[in-house]
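After the structure tokens below, expect a handful of questions from me.
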């Protein structure tokens, strides 16, 4: 059905947060450019950042979920959200790949926790960080930390238009070249993660003379060993290389 | 009567409040912050010093700049690196524009609906369409500034690193930002007028107002510790002036002034303690809005939102002045790892933020400690909430609940930060 | 012979650098000037506002001039206004700024001739065509070669041999520049003053080229690849290079001056007021490039790398010329230094 | 110069549910839309969604300029179109490509082999069968199961036209009266005089390969066997490069190729 023919009701959307910085929520509710259109085109029946009321139970035409799952109750809630949502997109590196909260999974976790809470760990119920797709079917990934503007818009538009989304799935290098940045990896030997990182940011870092640190996460089917080799040739130690690949993707690599 | 707000909406992060009134007495009161911990201080151990700003930015989605600047300064102290003047100017622009932006979110999106009796600012439409439009325009103006200096995005900026900035916007861009800011002047005043028009509930707090203070400047990115009760110290004295303790019902820790008690940090404390260093127009507005200079004044936490509105005016002017003098060139000292220890204090939008690191000779973090504004305010929030409820015991339950929520929001708490 | 043609016009002349500068500056009034600029790092083609900005000694640029300025990296090709009656197509205006693309090396000039075959063929692309028609190409014979250049092996350089398809050819002869007007339109609108070249000047030009030819490092047999390629499409060198080194990052094909592949996609803002149909350079090294419902024709990384190597070095049947012009960019800008000529050599062994 | 990316509109005049997720749309284009030939395709789509190549499953005839597209919902564009109703408008550009070599069939034994949705581009050939002057026409069609056979109601009519129709499915259900198994087995049993045969094959790539092989075993030359491969396409005009197969642009040099033209290039099953 053509989408302009007059919707009877606005799509109902829910925004949910697990363990994270709430940045994705802020990107949606504050930083993005088409905020006004977004808020007017959707009926956010659950969005704690913008509404103090709201029905957690749904039903939702669109559920956007940010954050890493680090506590058992979150997994339960996630499943409930899934059951009540027609479409569920994971938003941000935390929800998709583990992101920064998953760094913990790279070390000895209890030790890490003890560094923070010296006394008895009163309420602590934390578990190994995990991603949404470990528990439920995810219909799409809005990558980035914070999520990329283009993909975030794609997520929203896909609901308004009733069509499948097409999220960006190529390397940061492609965007980097579209911008005409001189390649830092080739020209200056900086350990840029661009070749294995999913695009969507617009190659921000190389454009400001900084090696990509992979905040959009690894792209699917990236040739990780090949870039590690390259970094070794540049003189990086094994530890330094490992750190680069575990900043936002500790889960994927620690299997 | 038992009141439980399991999940407080329109605040950053996850927390709730519970209280129980029995026989005209407040029996129990808890602000429980159940935002799940991510163990940042634990995760940072083993990472290299130059990764720290990017990691700590992710503590919070609304004040990443503050965490970055604070960690950068602490690390620069640890490795003995002096950034150049232009880098410091650019850093100020980042902080100032972010504070203005964060205040704007809080005032319009989070706090304002309380004063209209609504659950969301979206429900204010269509009546307040004009205000909404102004909000949209203003947020873009401030975010553009943070984004331009931050390498393309305001949220988790990329160009700000230990030592300085990997790139700064060119003259043309800076010029564009300046004109954007200039055009926003009127909108800023209108937001101020709207906010200062709210009738605020009565409450007198005993919390000590703590803020940084610096000769000749409205201190944000660095300064001495000062308070309205005479506290005075350097950054490195932080540990001897405050203490932190864990609470059984919450993932956040509570901080207090040693030997005294609760403290309040944030816009209200800053405006109260540094009123004479506000820009002229902001100072005038502050006086008009009822802010009195001097210790022991302005001690109503609800005033915090007015103070935020004043700060938006102040930082609009400050950003303009800085954009006039900041330069586009980027040469900055490249950091080299060195063994050392460093701590830094800055004023985040929500108040005093403390980062401290021990770094080994290879540049690896051995110990990290982060204490956030909301942790500083936590004890005071509970104390004042208790007071507020006791003062209004006669009010209907619904009203009491709304009042309680409004007070918590007035502090502009950030639970993600507080737990981290 | 009638009266006006008895006056011989100068179509070739030797002029000093100063005169060349003045000559080019003179065009600024009517043309946007785009040339290789910047020097300490990598030169890049961009709009310049004075002749002084142009770096006549540049070796290569990361992005090729033709592809960047004739087929823009990202471009709107159509838009739709959403009206109550449905979407209504609206054509974006065709570019009509007159431009000079100055200092295009021989290989890059050949690359433009290649793009012409793609975009001005059976289905001409209106945007490419408009830009092409409004762009005067001033080619520049190379002064230096890099270790990665192999134009000499594929007949595209280092001195430009093509006789048409561009407007002006410049050769740095040391103290002077040899300027040759090559197109009818150039002869019509540009006037040249200066010393007409004599026999010994043309002799010198030849010598310069011969001198330059000595500096090439690359050698592989560009002919006869066809049989090898088609008989051993699964040669181990492809698999080893793909798995061991290729990042599928797409840098090689993005910087390639003849890679013309692009994606077409729709951009719709949340307001749904207007939909823009866009195109942007695409990379066949990307996993999804050849994916269809039934499967992916280049599922393996090796297949994607092979497509790149074969398309550049073989597949002449497509447009009658090789897909490569020997500029060496894909080698230079591949993060792991994958070299298609080395792959070809290995396969020929 | 006219912008070739500007699509035409066409109104849906009828929708037939073929099987499961396959629908046939009867379309009336706005004036000026060129008629297509069997084997050609249009870029079909909708603004904001995109375009996808879809074969003509019926071509305009003298008496009407209506044509048909038979579409399986498998992705972004096709899913979207599958929700359209009669009276809705769709957008299309075309027709593109080189269709079936109809002038080569005169006096020959035309063997049409199709698998699944591959019958869609074959159907217009059947539609104009009487004009082809072929000596004989055989249509072999294979599908997964009886439920997924498309154009079910038309086979009877085709037989009446004198076409030999053989149907086969992989998984027969109750009441299936035709063959069981893959199409190649029927080809094996078919009587063919190799010099007189011309074959048009369309279906999944692996099926096309096996079917062609079977014909080669019967000594039909590669130059008489035509296939229509599927590739990703964005423009339909040989510009976007997505459909390249060896030296060919499937969109403009094809989609119909003789087997001989395709043989040898990697990245295909040929």
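Order as written gives the chain letters A, B, C and D; numbering starts at 1 within each chain.
Please note the rule applied: a residue touches a chain if its C-beta (ideal position, glycine included) is under 8 Å from a C-beta of that chain, and two chains touch if they have at least 3 such contacts.
All values reported here derive from a predicted model rather than from experimental measurement.
Q: Which chains make contact with subunit C and with subunit D at once?
A: Touches both subunit C and subunit D: A.
Q: Work out the mean Cα position per chain and let me know which chain is farthest from subunit A.
A: Greatest centre separation from subunit A goes to chain D.
Q: Between A-D and A-B, flag the pair that has more C-beta pairs in contact.
A: Result of the comparison of A-D and A-B: A-B.
Q: Centre to centre, by mean C-alpha position, how many angstrom separate subunit A and subunit D?
A: It comes to 42 Å between the two C-alpha centres.
Q: Rounded to a whole Å, what is the gap between the Cα centroids of subunit A and subunit B?
A: 25
Q: What whole-number Å value describes the gap between the mean CA coordinates of subunit B and subunit D?
A: 65
Q: Calculate how many whole Å lie between the centre of subunit A and the centre of subunit C, each centre taken as the average of the chain's C-alpha atoms.
A: 38
Q: Do you know which subunit C residues sit against two or more other chains?
A: Answer for subunit C, listing residues that touch two or more other chains: 82, 86-87, 265, 268, 272.
Q: Which residue numbers or ranges of subunit A touch two or more of the other chains?
A: 2-3, 157, 161, 166
Q: Tell me, which residues of subunit B touch at least two other chains?
A: Correct list: empty.
Q: What are all the touching pairs of chains?
A: Between chains, contact exists in these pairs: A-B, A-C, A-D, C-D.
Q: Can you check the complex and tell me which residues of subunit C touch subunit A?
A: That would be residues 41-42, 44, 62-63, 68, 73-74, 82-84, 86-87, 243-251, 254-255, 265, 268-272, 280-281, 283, 286-288, 301, 332-336 of subunit C.
Q: Can you list the residues on subunit B that touch subunit A in the complex?
A: That would be residues 7-10, 12-14, 34, 36-43, 45-48, 51, 54-55, 58-62, 64, 105, 109-110, 113, 119-122, 132-133, 136, 139-140, 143, 151-156, 158-159, 161, 165-167, 246-251, 330, 405, 416 of subunit B.
Q: Using the touch definition from the top, list the residues of subunit D that touch subunit A in their complex.
A: Checking each residue of subunit D against subunit A gives 46, 48-50, 75-76, 79-80, 83-85, 88-89.
Q: Per the contact definition, I'd like the list of subunit C residues that touch subunit D in the complex.
A: 77-78, 80, 82, 86-87, 89, 91, 94, 118-119, 121-126, 129-130, 230, 233-234, 260-266, 268, 272, 275, 277, 279, 282, 284, 289-295, 297-298, 303, 306-307, 310-311, 315-318
Q: So in the complex, which bits of subunit A are touching subunit C?
A: 2-4, 34, 37-38, 41, 153, 156-157, 160-161, 166, 169-171, 173-174, 177-180, 182-183, 185-187, 192, 194-196, 220-223, 225-227, 229-230
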